Structure formats: C-alpha cells, structure tokens
Amino acid sequence: MQDANVSRYPFPSLDEMPADVRARCLEVQEKSGFVPNVFLALAHRPDEFRAFFAYYDALMLKDSGISKAEREMIVVATSSANQCEYCVVSHGAILRIYAKDPLIADRVAVNYRKADLAPRRRSMIEFALKVALRSHEIEEADFELLDAHGFTREDAWDIGAVAALFALSNRMANLAGMRPNREFFDIGRNPR
Amino acid sequence: MQDANVSRYPFPSLDEMPADVRARCLEVQEKSGFVPNVFLALAHRPDEFRAFFAYYDALMLKDSGISKAEREMIVVATSSANQCEYCVVSHGAILRIYAKDPLIADRVAVNYRKADLAPRRRSMIEFALKVALRSHEIEEADFELLDAHGFTREDAWDIGAVAALFALSNRMANLAGMRPNREFFDIGRNPR
Amino acid sequence: MQDANVSRYPFPSLDEMPADVRARCLEVQEKSGFVPNVFLALAHRPDEFRAFFAYYDALMLKDSGISKAEREMIVVATSSANQCEYCVVSHGAILRIYAKDPLIADRVAVNYRKADLAPRRRSMIEFALKVALRSHEIEEADFELLDAHGFTREDAWDIGAVAALFALSNRMANLAGMRPNREFFDIGRNPR
Amino acid sequence: MQDANVSRYPFPSLDEMPADVRARCLEVQEKSGFVPNVFLALAHRPDEFRAFFAYYDALMLKDSGISKAEREMIVVATSSANQCEYCVVSHGAILRIYAKDPLIADRVAVNYRKADLAPRRRSMIEFALKVALRSHEIEEADFELLDAHGFTREDAWDIGAVAALFALSNRMANLAGMRPNREFFDIGRNPR
Amino acid sequence: MQDANVSRYPFPSLDEMPADVRARCLEVQEKSGFVPNVFLALAHRPDEFRAFFAYYDALMLKDSGISKAEREMIVVATSSANQCEYCVVSHGAILRIYAKDPLIADRVAVNYRKADLAPRRRSMIEFALKVALRSHEIEEADFELLDAHGFTREDAWDIGAVAALFALSNRMANLAGMRPNREFFDIGRNPR
Amino acid sequence: MQDANVSRYPFPSLDEMPADVRARCLEVQEKSGFVPNVFLALAHRPDEFRAFFAYYDALMLKDSGISKAEREMIVVATSSANQCEYCVVSHGAILRIYAKDPLIADRVAVNYRKADLAPRRRSMIEFALKVALRSHEIEEADFELLDAHGFTREDAWDIGAVAALFALSNRMANLAGMRPNREFFDIGRNPR
C-alpha cells in the first residue's frame, strides 16, 4: 500500500504482513482501536520491525525505577528536540494517559523548564537531553547529579537508553516521513 | 565483572551470560580472535543485547544496494560527527578490511570531504550525515539527490537506517563509556 | 495580585487597573470567556501594556495580504523556535480557530516542514523564521523568493513585522514566566 | 520617497506624514539636528510608528534603576549580537553621549567582556544577552544573580524589556534594510 | 613593564628589547606617532614577535591582486567574527585610511552584508569568512566562485592566508587580553 | 610541480627552492626519511614558509613547562576540532612517537574526554580548545583553572600560542588542500 499519511514508503496491508508482524499490529489495534502508523511504516521491513519492537519492549514495558509516565516524558522531550512530529504527537498522547495530565505533553514539548517538573524529573529530562544531543560530553559528574536525585546507575542506563532508542526512532520517522494517526492529537486531552 | 576498559557498567563473564548471548559472543570471538567490548557491555542487559544485534544484523549483514564497505563508511562518518570513540575505532577497523584501504577510515573520520570519495559515495555520506544531525530537514529533494547518483528509495532507507541505528549505538557507547578493544586500533592498517 | 500561573511578577486585579487597561481586559473577557494571562501580566506595566497592544492591533487585526490564520501560523512557528510556551499554546488555539483545522497548530509547532503547507505558505514561514532567527542575513533575494509566490513587498513587511513583534512577545513571556490559561490547551481541538 | 540610505521601503516626506508622526519627527530633528532614519522608515506605517515609539518611550525615557547610559549599553550589546547595523551605530552614538565615554560603544559592540565593565554592569549585560538570545532558558537563578548585584525584580524587567524591544527593533531594521544616518558614526567620539 | 591596557602579560620597555625588536617598534612609532600595543605585547616573546611580523610583512605589505584596503577589510570582517577587540579597532583604523572611507570599518565589522560592497569584494569577504570559520568545508567550488569575480588562484591564497594569519592574531590578542591604543578609535574618522 | 596529493597549488622541486628553504626540507628529510607535504606546499611561498617555520620553531622546539608530547596533544585536539586532515594525521604520528603511546592520537582526536588524560593534561586541552574555538571568552578565571593544575602564566601562553599557531596552520592546510604523506598514517603505531 501507499499512503502519504503513513509513510513515504509503501507498506503491506495486514493481510500481506508476516504472521508475527500482523499479530503485533492486531494486538495494538485491539488495545488502542487503531494501528499506529509506525507499525505500518516499519512493516515495510519486517526484520527491522521485529528488532525495533524488541528494543522498545525491552525498555518501555519492563519494570524500572523510571515510571512509564517518566519514560514517555523522556520520549516527548527528546523527540521535540529532534523535531520529530510522529513521536511528539503519538507519545504525547501516551504521556497524557500515563501521567493522567492533559497538559503535560504540550508543556514538556515546548519548554520542559516551564513544565513545573519536580527537581528529580527535571534532572532526568536534562540527562536524557544530554544523551540525545551531546552524548560525547557524558561524564561521571552527570551520573552523580542523577544520584543526588535518587537515581541508581541502572536508572541512568534506563533514562539514557530510552533517549538513545528514540534517537533512532526519530530519525527513522523523519526519514520515512511518518505521520501521526489522527487519533493521537486528541487522546488524553479530556477537555473541561 | 567490572572493567573500565570495557564499560562504566558491570557485565557478565561468558559463563554467566544467557546461552544465546554467549553463543553470539563466542561466534564473534571465533571470527575475530577476541570479543569486541560492545558485546560484553551490552550483555549487561540481555534483552537489549538481543534487540540491538537483531537490528544490526537486519541492516549490516543483509544484501543491499549499499556495499558492506559503504555501510561501514556511513558508520565511521556519523560516529565521528557524534564523537563516539568506540564506533569510530572499531568500525574504522572493519572499514579498512572491507574497503581493502588502510587509510580510508582515518580520512573519513577527520573530514570526509578530503577523502577522495567518488561523487556517488559522497552523496551517500551527506545523506547519512543529514539523517544523523538534522533529520527533521529531510525532504523529497534529498531523495532526488540520491536518485541522481543511482540510489533507489530502498537504498535511501538503508543509508538512513544505518545512520539511525548508529545514532542509538553512539549514544549507548557514550552512555556506558565503552572503550574500543586494543586490537581495533591496528586491524587493517597493513603498514608499508 | 500574585499568581505563579500568570506571571513571575505581581499584577493588578481588574479593579486596580487604569480604566483603559481594564476596558481592554473586559473586552477580551467578553469575547473569549476569560482574560488571557498576557493581559494580566502586562498590566503590571500599563504603559508597556498600551504600547504592546497598540502594536498588536496594528499588525494582527488590520487588513492584509496575509490572512489572519496565516499570521497566527507565523506566530506559532516563530514562537516554537523561541520555545515560548505562552505564545505557542495560546496562539496555537487561535490558529486552530482561524484555520478551522484542529491539527495545524501542533504540526506547525513541531516541524513546519511536515505540515503539508502549500508552497506559498511554506515560503511565508521560512521568511518569518529567517527574520526571527537570523534577520541580519535578510537580503534582496529573500524578497524575490516571496515575490515568486505572489507576496508583495507590503506583504513581506507584514510577515516580517509579525515575526519581529513576537520576537519581543516571546522574550517578555519568557522573562515574566507567563503561563497559558488552561482554556487555550483545548480551544479549537474539536475532537472526533 | 524612496532612498536606499534610509530603507528598502518607500517613506513619506515630512509633509506627507500624519500630524502626530510629523510632530515627533520635528521634535527629534530639533533636538538632534537631523531626523534619524528609523523615524522616516517606520513612518511608512504610521500605526506601527506610533506603537513603536510608545513602547520606546515607556522603556527608554522613564525613571528606572537602570540609568539611561546603561539602557543604551544593553541596546548596543544586544544589537551587536543581532548584527543590526542601524541600532549598533545609532545607539552607539547615544551611549557615547550618555556615558560621556567616546570608546564605550565600540568596546561593548565588539566584545563586552573586554570593556572593563564593573561587575554590576556586566551582570546586567549578561542577563540582557540571555533574554536576547535564549530567553527560554531564563529561570529563577538568573534573577538571583541580578539580585546579588543589587538589581530589584523591577530592574530585571527593565533590563529584559529593553532587550526584548530591541529584539523587535533589530529585526525591523534588518527587514527594512535601514541605514544609520551619517551623523551617528561620529557623534560623541570627541577625538583627542 | 606591566600595563593592563596593553596586555595581561608583562612586556619590555623599548630599552629592554633586543635591538631588532626595538628597531621595529621605533619604525612604527615614527610612522604612526605611537607604538601599537601588539608590538609591545608580543615583544614579551621576541622569537614569536619576529615570526609574527615576518608573516605579517609577507602577506600585508607585498604586491598582490588584493589591494591593501581589501586586505584590511578581510582583517576587520574576520576579526569581528572572532570578537577580537584589538584587531577590529586597530585594523579598522588602517582600513579607514587605506579605503579613504570613514564609515567602512564600522559597517564591515557589524554586518558586511549591509556595507554596499561591490560583488567582487563581497565574494572576497565570504571566502575569507569561510576560511576563518569553517575552513574544513573549503572546496573547488569556492575557488570557482572567486574565479567568477576575477580572482586568480594566487589571489585566493592571499585572501585565505590573511584570514588564517588573523585567526592566529585574534587568538593571541584574546589570550593576552591586548587592548587597542586610544588613538586607533579615532584615526581616519575625519568627522564632518 | 603539481601533485594533488600534496596541495591544490603548484610547488617547487627541491632544486627550484631558495637555498634556505631547500636546506630546511633536506634537514627534515634526513631526520624523517621523507619531506612532509606541508614543507613542499608552503615552499610555493618562500616568505610565508620562512615565517611559518620560524613561528613553529619558536613554539614547538623550545624548552617549556609544556612537554613536547603535550604540545602535540594540543595540536591533535585543536586540529581535530577544525577538521584538518593534514594536521591530525601528521601530528598524530609525532604525538605517538613523543608520548610513546600508539593509541593516544586516535583517542585525543575522536574525543579527548575518553582519553584517560590526567586532570592536568585535561585542563590543558580544555584551555587550548577554548583558545581555538571561542578565544573571545578567555578570562582571568581560565588562567586560574590552569594555575590550580600547576601551570604558570608562561605555560598558559605556550598552550594558547600552540592552539593559535595551528588555528593558522589548519586553515592554510584546508585552503591548500594539503594531504598527509602516506607514512604519517602508520608512524608510531607499533602494532602488537
């Protein structure tokens, strides 16, 4: 199939996908009500699809000292720094749900300094942005800053690895010109 | 184990690794004569190890319009832009081998413009660097430039995806403070 | 009064404002249902309030070759480049209304290149961003680019002047730490 | 009229101006001996002329904890950072007069760090440059730095607002290609 | 001697200098009426003094396709990009003299694009700034641009070498904190 | 002669050189076994050749608180920041010899932060990079940092002057398109 609202590249219909790829798409469709475009766009390359979601599951679904809402904050902040529309909009939606806060995604995306983050979360975002934007400057002192806010070394890996995975994801989305599904723009906004 | 020449983080001995992770390490050891530190460092997180090498295999080992030497050039050029010592040194070695050119890695790492690359390869490197450094500016015109040098749209995905995977890899190596094995500095230099 | 959700600075209640300032606040309250925080925050300095809104009216309300929706697009794009939460969120709401498009503000804010803008509008945004970010490089050639899309010299002034006014506005909002009213986050989203 | 030494845009002769705009031009002509080109250039748009000078008067003429010479220093430093020829040259002249120092303008324009500014003035310039160049990073700590040099919160507003107004002014001057009057280059130099 | 208006470092009096260094200082004093501070500051290191002025003479005094006024333009433009007060002010004075234009130095220093330079001179300045700021990007195409304005390859060397010499000079002046002599601020201004 | 592996510019054969220039080339040939290309390339301009090597000798050969290996580290680190292939490769070779460390040059070139430098050497490199990249920000505090690591003010001059000389040298090498001799790539690698 070809649909510029999904990707610059062609992608298979659900019927054309390898069984495991289709199963994953159907699983998310069941849960969300629709198949997020990144699933369709990456299905163009089944091996890359499998590797990407294996990485995603390893970091985003597991138990961690970094809550799921916090991991989504990292995604939104670093994806905004990389100007990745797909990730800012789609993970913005997930962040609103996990944080139960209809405003948090827009605030983190525009300027995390104004988002009234607790000092712990702010230090987390700043470490993530350093990994995203100038990882060659990461040094022992950066880990000590995290430690001062109660983050362990394993937490630091989790924070940095989420930023690193979305460094990849942002570039793939920008390369393929992925567009966020219409639904993501509104999910979790819960207007008053 | 703990060895600052491998990683800031502890990592398992071969005996302590899950069987599939160990098998992969032994395979590369057999082929190269040593286990590259990235294998040890990522073994600290077996699920991430598996996902990373699945992604790596999907992009670096498959048949492609981009030769293996060219893929290594992309790795060296983008890793140098990200100041990732591990990837510049280790993939520099692989590039020297694949390209059968003892000088190419140093030249691409310092300034690809001076590396006497053919126009096709140069356009490939410039697309890869755009994905690495400002993927939000990727547009139709960038694909047309590649097309003018005979690269298909699938080739463009391959080029961009290698740059995107090493965007992740560079950040993980800088996060964990991975150090290149001593051997990599000399492999393929073949001094006269 | 003092309210960190409005400004870092104190500001007068409606009763304490000079009559003309109060009248302006009441006018916008009648129209919108609430007083946008920039009105309250700037009322701390009545002379600056008057000058700012005189400038605003001179550019944003008048007839122009640049439609009101287009002027709001310029505000959102340049305010996002300046990471001004107040202006991105509040003018994002106005842009959604004027453009009758619930998605346009988020798309322009994250990456205007992905917002499916017609070439004319895209050239308008790029001129505005050049004024916002590197006005010292503006030259005759920039006006000719606009001319090729049907913009007159007076249109160019309008585009550039909106970018220039929000260069001021973004800096004042960031200086005073202005926060967007809760309402702005949802206005014009019209979820399906 | 059309005169490339004034503006890229046409502008009215004194006779053609609205009475209040002409009165303002005549007033400055009487005081300075000539009409600064910014008055002529902005007279092309009388409403914007009125708003601009209302803002200017509100900030540059009023009593403040920031002396008039200091306000001109802020203008010269931030306008130099924005490479605005009109503002650097014209306000450089005014700064020389107010500061009674024939060298200060050139020194602040090239590199304020070498201008032998007292620590108080230096902190003022650094706050102004932060507002001019990266206002999204302004935080409580910036105000505390100013406080340590005796600046109140109202002083901080004054410093930041001058930087913000010239963010607008520099962009308008660069947009219209305004040129400084010949006189400004020499005023206040008082060669020995 | 120690004089913060000359240098952060001590420097010899004329009597204390080696004979050839003193001779050079006396020669410039005779010609200019004063000893420019760079002569005093560098005399702290006689061998470096000799090498610097040998380089200077080789580039700035010789016959060239680039006139002496043009060479001074290159110095002012690149020194302003490097924010070197000493070189902008002192070579600004020399530029005014050579170009017989009291305004040219200030205009080139603030924004060369607004200095009404003929296209040939503008291309010269842009090549010089590329050498000064991103010489690693210099390529054949840059020489062809110069060629289109009538500059030979030897002219290109002269332009680039002047930019390169002042890359050194700007850094030494900033390192030693050299201050321009009072006289330089006014020389060649010839106020009307 | 014309040889694109040496320079974009023609250069004299040894026979055609002025006697002193030839003597210098023969001297280095005797010592190294070959004439480094910078000697040939600069011989195109004998006066500049003489001045450059006089400067070089004044800084690189003399006794100093900065060891010869340390001076070469400064050259490699700053030349890498300037992406100068000639200087990174040729001085990398000299650094390996002087430091008796086959890995140090590659490590300093890619990311000095990962090169396990002692704190004293690291502060030296950071001062040198500040001179190389933003000398206008050099201030008293920078000298105090060096002082805390035991560097005198004269040492600071030596560090900064080496960075400044290679600011010139990197630009000349990039301008002339100088290529490192084949030998430099391997010298001092001493593979195990």
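Labels for the chains are A, B, C, D, E and F, by order of writing; each one numbers its residues from 1.
One rule holds for everything that comes next: a residue touches a chain if its C-beta (ideal position, glycine included) is under 8 Å from a C-beta of that chain, and two chains touch if they have at least 3 such contacts.
Computed from a predicted model, the values in this text were never measured in an experiment.
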| item | value |
| --- | --- |
| Set of chains whose contacts include both subunit F and subunit E | B, D |
| Partner chains shared by subunit B and subunit C (touch criterion as defined above) | A, E |
| Magnitude of the superposing rotation for subunit B and subunit D (Cα, nearest 5°) | 180 |
| Copies subunit B and subunit F touch via same or different residues, half shared test | same |
| From subunit E, the most remote chain by mean C-alpha position | A |
| Centre distance in Å when subunit A and subunit C are each reduced to the mean of their C-alpha atoms | 29 |
| Subunit C and subunit F: spacing of chain centres that average the CA atoms, whole Å | 52 |
| Length of the line joining the C-alpha centres of subunit A and subunit F, rounded to whole Å | 45 |
| Residues of subunit B touching at least two other chains | 83-84, 111, 136, 177 |
| Topology of the chain contact graph, where touching chains are joined (line, ring, star, complete, other) | other |
| Listing of all chain pairs that touch each other, if any do | A-B, A-C, A-D, A-F, B-C, B-E, B-F, C-D, C-E, D-E, D-F, E-F |
| Residue ranges of subunit D in contact with subunit F within the complex | 111, 113 |
| Complex contact set, residues of subunit D against subunit E | 80, 83-85, 88-89, 102-103, 106-107, 109-111, 114, 177, 179, 182, 185-186, 189, 191-192 |
| Residue ranges of subunit E in contact with subunit F within the complex | 8-9, 44-45, 47-48, 50-52, 54-55, 57-59, 62, 82-84, 131-132, 135-136, 138, 143, 153, 156-157, 160-161, 163-165, 167-168, 170-172, 174-177 |
| Complex contacts: residues of subunit B adjacent to subunit C | 136-137, 139 |
